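Structure first, then comments.
Residue numbering begins at 1 within each chain, and the chains themselves are lettered A, B, C and D in the order written.
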Amino acid sequence: MVRIGIVGATGYSGQELVRYLLRHPHVQISYLASRRLEKPVSFSKMFPEWSGKVHLQCRPFKIQDAIRYCDVIFLALPHAVAMSLTPAFVKAGKYVIDLSGDYRLKSASGFAKAYQMRHADPKGLANAVYGLTELYREQIRKTKVVANPGCYSTASILAAAPLVKRRIVEPAGLIIDAKSGVTGAGKSLKEELLFTEMNEELRAYKPNDHQHMPEIDQALRQWGGRSLRCAFVPHLVPMNRGIFATVYLRLTRRVNEKQMQRWYEEFYKGSGFVRVLPAPSLPKTGRVAYTNDCEIAVRAAQGGRLAIVMATIDNLGKGAAGQAVQNMNVMMGFDEEAGLQ
Amino acid sequence: MVRIGIVGATGYSGQELVRYLLRHPHVQISYLASRRLEKPVSFSKMFPEWSGKVHLQCRPFKIQDAIRYCDVIFLALPHAVAMSLTPAFVKAGKYVIDLSGDYRLKSASGFAKAYQMRHADPKGLANAVYGLTELYREQIRKTKVVANPGCYSTASILAAAPLVKRRIVEPAGLIIDAKSGVTGAGKSLKEELLFTEMNEELRAYKPNDHQHMPEIDQALRQWGGRSLRCAFVPHLVPMNRGIFATVYLRLTRRVNEKQMQRWYEEFYKGSGFVRVLPAPSLPKTGRVAYTNDCEIAVRAAQGGRLAIVMATIDNLGKGAAGQAVQNMNVMMGFDEEAGLQ
Amino acid sequence: MVRIGIVGATGYSGQELVRYLLRHPHVQISYLASRRLEKPVSFSKMFPEWSGKVHLQCRPFKIQDAIRYCDVIFLALPHAVAMSLTPAFVKAGKYVIDLSGDYRLKSASGFAKAYQMRHADPKGLANAVYGLTELYREQIRKTKVVANPGCYSTASILAAAPLVKRRIVEPAGLIIDAKSGVTGAGKSLKEELLFTEMNEELRAYKPNDHQHMPEIDQALRQWGGRSLRCAFVPHLVPMNRGIFATVYLRLTRRVNEKQMQRWYEEFYKGSGFVRVLPAPSLPKTGRVAYTNDCEIAVRAAQGGRLAIVMATIDNLGKGAAGQAVQNMNVMMGFDEEAGLQ
Amino acid sequence: MVRIGIVGATGYSGQELVRYLLRHPHVQISYLASRRLEKPVSFSKMFPEWSGKVHLQCRPFKIQDAIRYCDVIFLALPHAVAMSLTPAFVKAGKYVIDLSGDYRLKSASGFAKAYQMRHADPKGLANAVYGLTELYREQIRKTKVVANPGCYSTASILAAAPLVKRRIVEPAGLIIDAKSGVTGAGKSLKEELLFTEMNEELRAYKPNDHQHMPEIDQALRQWGGRSLRCAFVPHLVPMNRGIFATVYLRLTRRVNEKQMQRWYEEFYKGSGFVRVLPAPSLPKTGRVAYTNDCEIAVRAAQGGRLAIVMATIDNLGKGAAGQAVQNMNVMMGFDEEAGLQ
């Protein structure tokens, strides 16, 4: 059994990792840590739902413990923490899957711009692989450090990649209108995230200024061979889980809807977690909740010059913990779907 | 006191009309009707919340009753009903405010295409004025038949008009991504509208195929002097009230954000229900719930070649009953805000 | 016009007071204050929904300002603040309506026990009247200090009083199972009140240990002439507004359901805000949301030896700001329903 | 592998059965049927979430098919259907787990009273075992027909049984105040179950008149050795899943809270799905959602003469499909927790 550690085990992504990994046939959770704790606490006392299932203590995080007890380490921490820990893990020969934004961008200057701070491990950026599994499977297989993508990025890139790859998207022709459930914002104590401020409320935030934009740009530039200037507006909607990305792509030539459908089906052939829906079906967030699935539907508009691609994921599943486990499966040579059914 | 009738008084828009009109200083509700009833029923027995406030019966609809008891008639009915009633009301000299789609399009063939049926009163289309109050105030003042706009259309047109009017929007450069609370779908008994099917769920429907698109096109063509091919994707979100329209306009020249802000403030100067928010404020649906208000914020993206305009309304307020009352105020020469504070 | 001040104007109850008082025909809001502010801020900048409606600044609270600008002062503050301010207001001859728990209990020792602190104005307790308007109208008419009841207390006491008054409730026979929307918990930044912790969640809290119990006991003892030991379990439900109190009363003799119905109708005759529903109607929280109304239904069970009384209010309406305005109306000799329709 | 059939596979309980049984190590779903269908339809076309996981067709129900393809048959149907099918299954030697109310009551006259119709298989009532697994494990082990309990009943009986068994509850001293998520009401097309009628709404229904009352009475009479007259008020709350039962038991003698805690822990020792929470923890519906777990907390009130017991379950889990699978495990001699982790 491969020994697993989860650092940040008390947050939403950490909890979801526990849920997936408990069911995984080839691994064993051997270390749970939180930076908030001052002393070890029974995990099932903190979270009674794990009584009888998890018998570990959740410990104050210590890097030596993680190294001693684990083969694979999941870092489910706020931005700017993983980059100070990862070099030591790498040196100790561990596998690292970082759910934060620290290793997603290839360039330290890009990171500095997006996150408003210097990167602590600029050399590490080169070795990390961007863990959008369906697009980078081969590289993930060979790396020991995976930068797990953002939730918005996962839905948006999966929606756009098949058309971008064909190089028929206009350079400034990509608009992503994304809607997210509130677990996407984590457990931060902000007034705007109180139930009473968010229920019966729909709002946009950081229009065209969200930190996931650069990683979307980076991935699509790689797949399209040139820079695309996307516009991106995220919205928060009053539900717990789910991302619905509506992606509008202006095309350089007319495309037929059936043709597009075939391109998408072909692109995701062999990718068991991505469902390209046949018309007239449309994606629903409820149907992918608590799964690692992604649903996609494509439509042609404006006489075939505009593609409308809709994609749904669970922000904590394919958008975080699910994809992290999928990436582990690829890294470790397990069946890609192990523990994720 | 002007005597008011509401036909379709038991639906969501009908109830909201009662709410607004009860507070109105210059009118008196004198007739409440529903086509579902077989005999008169005490309105406050059906809706205990009106006990002590509404002392009328709700009656089975009869055209002669409406004519006898009312000066102004609000039709809050499904599509395809108002067009068979309105000619008789017009002949009897009544004022009509129709909340359905029957009189919104100027052309009978456009109506036939959008609603998949022949128009029963094609001549009447010419006399009806599209009731987006801020844009057609002068015509509304002179008509006796107002076609109250759709909820999506109201938010979308208010968001786009100031830029469209300046003729700097590319012909195929308009994308409307709209999100609506569920009262927008009315009280229809459909499985997909059950609580358990809609809660914790976000979905798109009728992508680029919604019946509000032609009226948006029509209004923007009038204001922009030429045809704009918009793309329009509506989404349902798990909340009762509110529309959030995120409108993306590709511009023919670079525009500065502050400049845009001034254009919008200027355009809506004197329109007390439209709030152009100063940056960095963004619209929220909760803030306009139960009001006739509209909040708008504008942002420049892609070096000023893309405008992102966000607008919120209450779909039952400015998107239906509120605007209907506003239109009545203009038609009857009342203060435009009477009953709407 | 009577001049009104609201201290704590930025909280949920404060906002709701603004909403009611703006529509009130006999008063004018002349002072808005918050203890959180360091300098005056335009109220409509903080809360854009008041643009064009409220032209005041919200100021850092100063007792002299409140005295100078107001005739009537509403205190919408956390517990333990009002008791240090009220003596000065009383001395200056002002009317005070306190929405906190500070003046609800008649005995300083009861207060000490319930709130775990000494009362700062024990002498003031005697002069304050418990503002459950329907039960203490005459005393409210003559006082200058009203202790506005808690939201749970309002629903529970209104539900129980007509039977308690008849002295047929067994001494230990009163059980109150109460369910509240989340605005009842205020805007406190607690993890358990985050959207994601409260949505799709139902929980009990402080079972038989809530600070509203002593005021319920006190009021029912007054009406029933002897002590009743109630059990009280409050629950939080995932909605913004509303309290549903299900009250179970074990009776000393068999009572007929129709008889009970008549008792309740009689008891609340002349109380325009309380609706005793005819069977088979049952209360709904949605129907009383945004109002000062209370809905009540009574049922007999166990052969007439158990009464089940259900009551709904809006916790911010009849449970806080609405009742506060109703009390002001009674104190000032206005029509009891002024501003509350 | 044991071959499983689910009749009523498209409803909420049917779907949940699929979810649990797919993960089950010892069974294979071999038959899915719905009475609504006219011809076989690919299950994963109807429910895209099962693509790649379920390869069966969902068929129009035929009794011979069920007999041919299955060893164990789950009936997830409305009341009054199972009783006309079960005799044939019994004759064919099949195992039947009925999720409806048809076989829960031991007496045909009790059934007639509760469901307002004659029972079609009165002899069958004697052979069916009431499937509250923790209480009737031994009988379930020996039967071929299990009547799976109602969701309210499961939570209420689990909460009350340990005290009732000790015969210290007063005969008329049991009050159950239960709150349920909306999936409990199924997928029926009723106006009151529309999202817009249920969101931001809390309501009671059938106070003291719900069809689950007789089965609760029956079970508690068996455990307590005498009749208890319970009062039972169910409420609907705006969430999808979860039941919170707050049970008030008036005791014939004073009981200490710690003593009660021990009694409950003892009673549920060896029952892995029931968690008796240590004080001060309280049950939460979210924590048991999507599981077969039950959380219980006990409190003493009124000097030890009143017990307040709170219990939560997922109405589709322990309240329906989860417990049905648990019962199958017991009937078939599998590990009781198989497929339910």
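Brief remarks follow.
Simple rule for what comes next: a residue touches a chain if its C-beta (ideal position, glycine included) is under 8 Å from a C-beta of that chain, and two chains touch if they have at least 3 such contacts.
Owing to the predicted nature of the structure, the values given are computational and were not obtained by experimental measurement.
The minimum number of touch steps linking chain A to chain C comes to 1.
Repeating the A-C interface with over half of its contact pairs identical by residue number, the matching pair from B-D, A-B or B-C is B-D. For the pair chain A and chain D, the distance between mean C-alpha positions equals 37 Å. Chain B and chain D have Cα centroids separated by 46 Å.
Inter-chain spacing, taken between the CA centroids of chain C and chain D, is 39 Å. The residues of chain C that reach two or more other chains are 197, 199-200, 238-240, listed in rising order.
The residues of chain A lying in touch with chain C in their complex are 12, 182-183, 185, 187, 189-191, 193-200, 238-240. Taken together, the chain D residues at the contact with chain C in this complex read 172, 175, 177, 179, 181, 197, 199-205, 207-208, 229, 231, 233, 235, 237-242, 244, 246, 248, 250, 282-286, 289, 299, 301-302, 305-306, 308, 310, 312.
Residues 22-23, 47-49, 51-53, 200, 272, 275, 277, 281, 287-288, 290-291, 293, 295, 341 of chain A touch chain D in their complex.
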